[in-house]
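In this document, chain identifiers A, B, C and D correspond to the written order of the chains, with residue numbering beginning at 1 in each.
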Amino acid sequence: MLGMAEKIRVTVWNENRHEKTDQRVSKIYPTGIHGAIAGFLSEERELVTRTATLDEPEHGLSDSVLSATDVLVWWGHLAHGEVRDEVAAAVQSRVLQGMGLIVLHSAHLSKPFVRLLGTSCLLRWREAGEKERLWVVEPANPIVDGLGPFFEIPHEEMYGERFDIPVPEATVLISWFAGGNVFRSGCCFLRGKGRIFYFRPGHETFPTYHQKEVQRVIRNAVHWAVPGNGPAMHLGASEEPLEKI
Amino acid sequence: MLGMAEKIRVTVWNENRHEKTDQRVSKIYPTGIHGAIAGFLSEERELVTRTATLDEPEHGLSDSVLSATDVLVWWGHLAHGEVRDEVAAAVQSRVLQGMGLIVLHSAHLSKPFVRLLGTSCLLRWREAGEKERLWVVEPANPIVDGLGPFFEIPHEEMYGERFDIPVPEATVLISWFAGGNVFRSGCCFLRGKGRIFYFRPGHETFPTYHQKEVQRVIRNAVHWAVPGNGPAMHLGASEEPLEKI
Amino acid sequence: MLGMAEKIRVTVWNENRHEKTDQRVSKIYPTGIHGAIAGFLSEERELVTRTATLDEPEHGLSDSVLSATDVLVWWGHLAHGEVRDEVAAAVQSRVLQGMGLIVLHSAHLSKPFVRLLGTSCLLRWREAGEKERLWVVEPANPIVDGLGPFFEIPHEEMYGERFDIPVPEATVLISWFAGGNVFRSGCCFLRGKGRIFYFRPGHETFPTYHQKEVQRVIRNAVHWAVPGNGPAMHLGASEEPLEKI
Amino acid sequence: MLGMAEKIRVTVWNENRHEKTDQRVSKIYPTGIHGAIAGFLSEERELVTRTATLDEPEHGLSDSVLSATDVLVWWGHLAHGEVRDEVAAAVQSRVLQGMGLIVLHSAHLSKPFVRLLGTSCLLRWREAGEKERLWVVEPANPIVDGLGPFFEIPHEEMYGERFDIPVPEATVLISWFAGGNVFRSGCCFLRGKGRIFYFRPGHETFPTYHQKEVQRVIRNAVHWAVPGNGPAMHLGASEEPLEKI
């Protein structure tokens, strides 16, 4: 648990490629998807937010950046394959040591997420700009604080089950799509000492990250994912006092 | 695990009230909902099926019936309150000792289910005869053997989240409803040595239990819920060999 | 989530019978087990703590007390049967609406806990004053903040598996006992909007609640169990905007 | 579900290195650990068992072998690093498609297991030949069929918590060790359409796999892990009938 005076250090990572080539995207997100997310997170005084993108050296995720990050937010889509394996491995390792990870939308196929989950992470999808209604199924989970029983996004890409993930430690939101599909849209995972939250919405051609409920979920998830102060895991040869055998 | 020669003994319990007063129901289910379910279960040679109803003495669930039941199937709606507390307690106790329990549709408010789960088991609902599409979310679970990625029921009552149940041990089916709702429609619970499966469909005015996919799920669930041969739970003062302290 | 200025209101409930009849107990806990627990909780400025006991009117748990309680701590042993069913039902109902519940040691058989879990909640036990070593198995859980990989209690009553509870939403501590047993000693459950934590230690003839690590776990659990601000559960007939069917 | 006439095809994989260099091991397991395990599995008429070892071409796990394997049993220790990445990836892929995987003892660090789980899979350990007592904590799970409340192994290597794995879908056995440690010794995981069981015992210098209870657990686990007949996962662009949007 962080002390009162300490801030939560958030790094928002974005592939930042759609923004450079698709005017629809750059119009909706003039400072990039990372800029939009960092923007609304910065409104909270408890958070100190920075951004990082694929085309920066080391993808903007040097050891010094990662070691100064409490929670990493990740958006990617076109260029998962360009993320260097060393960086993906470093993110995985940091999560196991406690760093929080918020995985957004098409980042379900990002290297860090797939490595941490061990499954294909594939799903069904359809680009029809249809209505999505997200229902809260675990009202006791802090990630849904401040929400009503459901909220809607007027136009979104559809993601549908079967979503090939391990059973989440908590499934907090399930989406309904007008075209006939359902999806586990808010999923908590614990891996090592780290907390991971997958949140479905955020297709690049829709203004999803400008919507208040979406922002609320991401902000709640950042707070939920802050590293705790649980015991270090002295793994390996046992050193504790040995009882008489 | 039952030996090859042993049969699985199934008791199908039904409140059997709608059938007596509503011609729509008796037309669809001339032998009652219990008769329809017992009917398709009886087609399996491994199963020996009997029925029991609310208005029989002891609701048809005497000690001798319960002790000769491997899996109990339960449908109720109008008259949950008329089920005697002793019978509900006996069912709960048998489940904790290993008897399987398949809870159908409006039996989400039946006394045995509510006692075993400990929550209100309330949900949203709407009678509009709308389309339901059930998606498989856990393809490794034996209860979905033989299904495709989803199946549809043309007209059903809507049940929607938040369904106030404890987190299921497995959520195998999620329903989409045309009117805008989602629901965890196939839920596995373990309680004591017993296995419980809640399955959503089956409003009395629709021919849902005549549909092949619905029958398949119920048959799979019966097989899944058969009592195992795990250790008896010698609870109380400890009797195992004591290590030197 | 509570605002900064708001305090967490904790009620510590104790049967308070051993303290009246057994000098060993009253010597260790001169103000009662409830007094000891309320004492160390009161050291935190964020908490406002009161106590309640079995022999007070309504067991000290009137509607006005319960409605002014964010987290209820419960210790009982000899007199579970004397707790009135209406009070047990009121506690259950409050938990489903969001009140946190911390269940200590022999309260595994208390009426509120058994009603909320639905199983027998029985276990093995042995009074031999043997050593207990509690291992952290979920280091990402906030309830183990500040602990090392394990801690020991020099002399305790043994509780051993099989502990007849539903699968916990999180198992954070597992105990080793010198005499040869293991036990899931720190278990999180979600029920309705409420969070429940069962914590094993605390036999009345040992000074367990004076031990720093035990106090730390209870304090962490109180913070974890504070009601969130998730959606109210409008259960019943559906009122949300109906999509065209 | 396999038809009556069909056999379950099991492949027992072993690194088979200790057996070549350590006489203590070859004395206990003259046909190798794989030979011992294949031996007791072959006593069941429903199983057809073959073996494969590290030093065979493609480690004995060619595509044709894997595609003819329903359940793969894996033992490794010294030479995890020598397992080729392509073979580890092929095993991972087969599991996601439904092949069962039984992971024994020191194979907690085998490449297929670590890839499928995504965590470090590290643990504490001590070679002191101490007594292990394994307690059943989920008596409803078919993997403990036929066991008593616990069983003992007279001398084993200690493995202790924190075991750095994701929360298992079921924890069926917890070990007590004389020297003061506990361990989740029987853990079920679902990944894709595949079922994985990790079972702790089996240090190479002890005759653990000759013990009846250990054999019983492995046999039960093989039956549990047989691929089901759930829906194929048509992942990718959605092809199902689109509801009117």
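One rule holds in what follows: contacts are C-beta pairs under 8 Å (C-beta built on N, C-alpha and C of every residue); 3 or more make two chains touch, one makes a residue touch a chain.
Every value quoted in this text rests on a predicted model; they were computed, and no experiment measured them.
> For the copies chain A and chain D, give the interface type as same if over half of its residue numbers appear on both sides, and as different if under half do.
Result for this pair: same.
> Determine, using the mean of C-alpha atoms as each chain's centre, which chain is farthest from chain B.
A
> How many angstrom between the C-alpha centroids of chain D and chain C?
Centre separation, chain C to chain D: 37 Å.
> Report, in whole Å, the distance between the mean C-alpha point of chain B and the mean C-alpha point of chain D.
Taking the average C-alpha coordinate of chain B and of chain D, the gap between them is 33 Å.
> Tell me, which residues of chain C touch at least two other chains?
131, 136, 138-139, 149, 160, 162, 167, 169-170, 178, 180-181, 190, 192, 231, 233-234, 240, 243
> What residues on chain D touch chain A, complex-wise?
92, 96, 115-120, 122-126, 128, 130-131, 158, 160, 162, 164, 166-167, 169, 178-181, 189-192, 231, 233-238, 240-243, 245
> Please name which positions on chain C make contact with chain A in the complex.
Interface residues on chain C, with respect to chain A: 1, 98, 131, 136, 138-142, 144-150, 169-170, 178, 190, 192-195, 228-234, 240, 243.
> Taking the touch rule as given, give the residues of chain B at its contact with chain A in the complex, in rising order.
The contact residues of chain B facing chain A are 133, 135-139, 149, 160-163, 167, 170-171, 174-177, 180-182, 184, 244.
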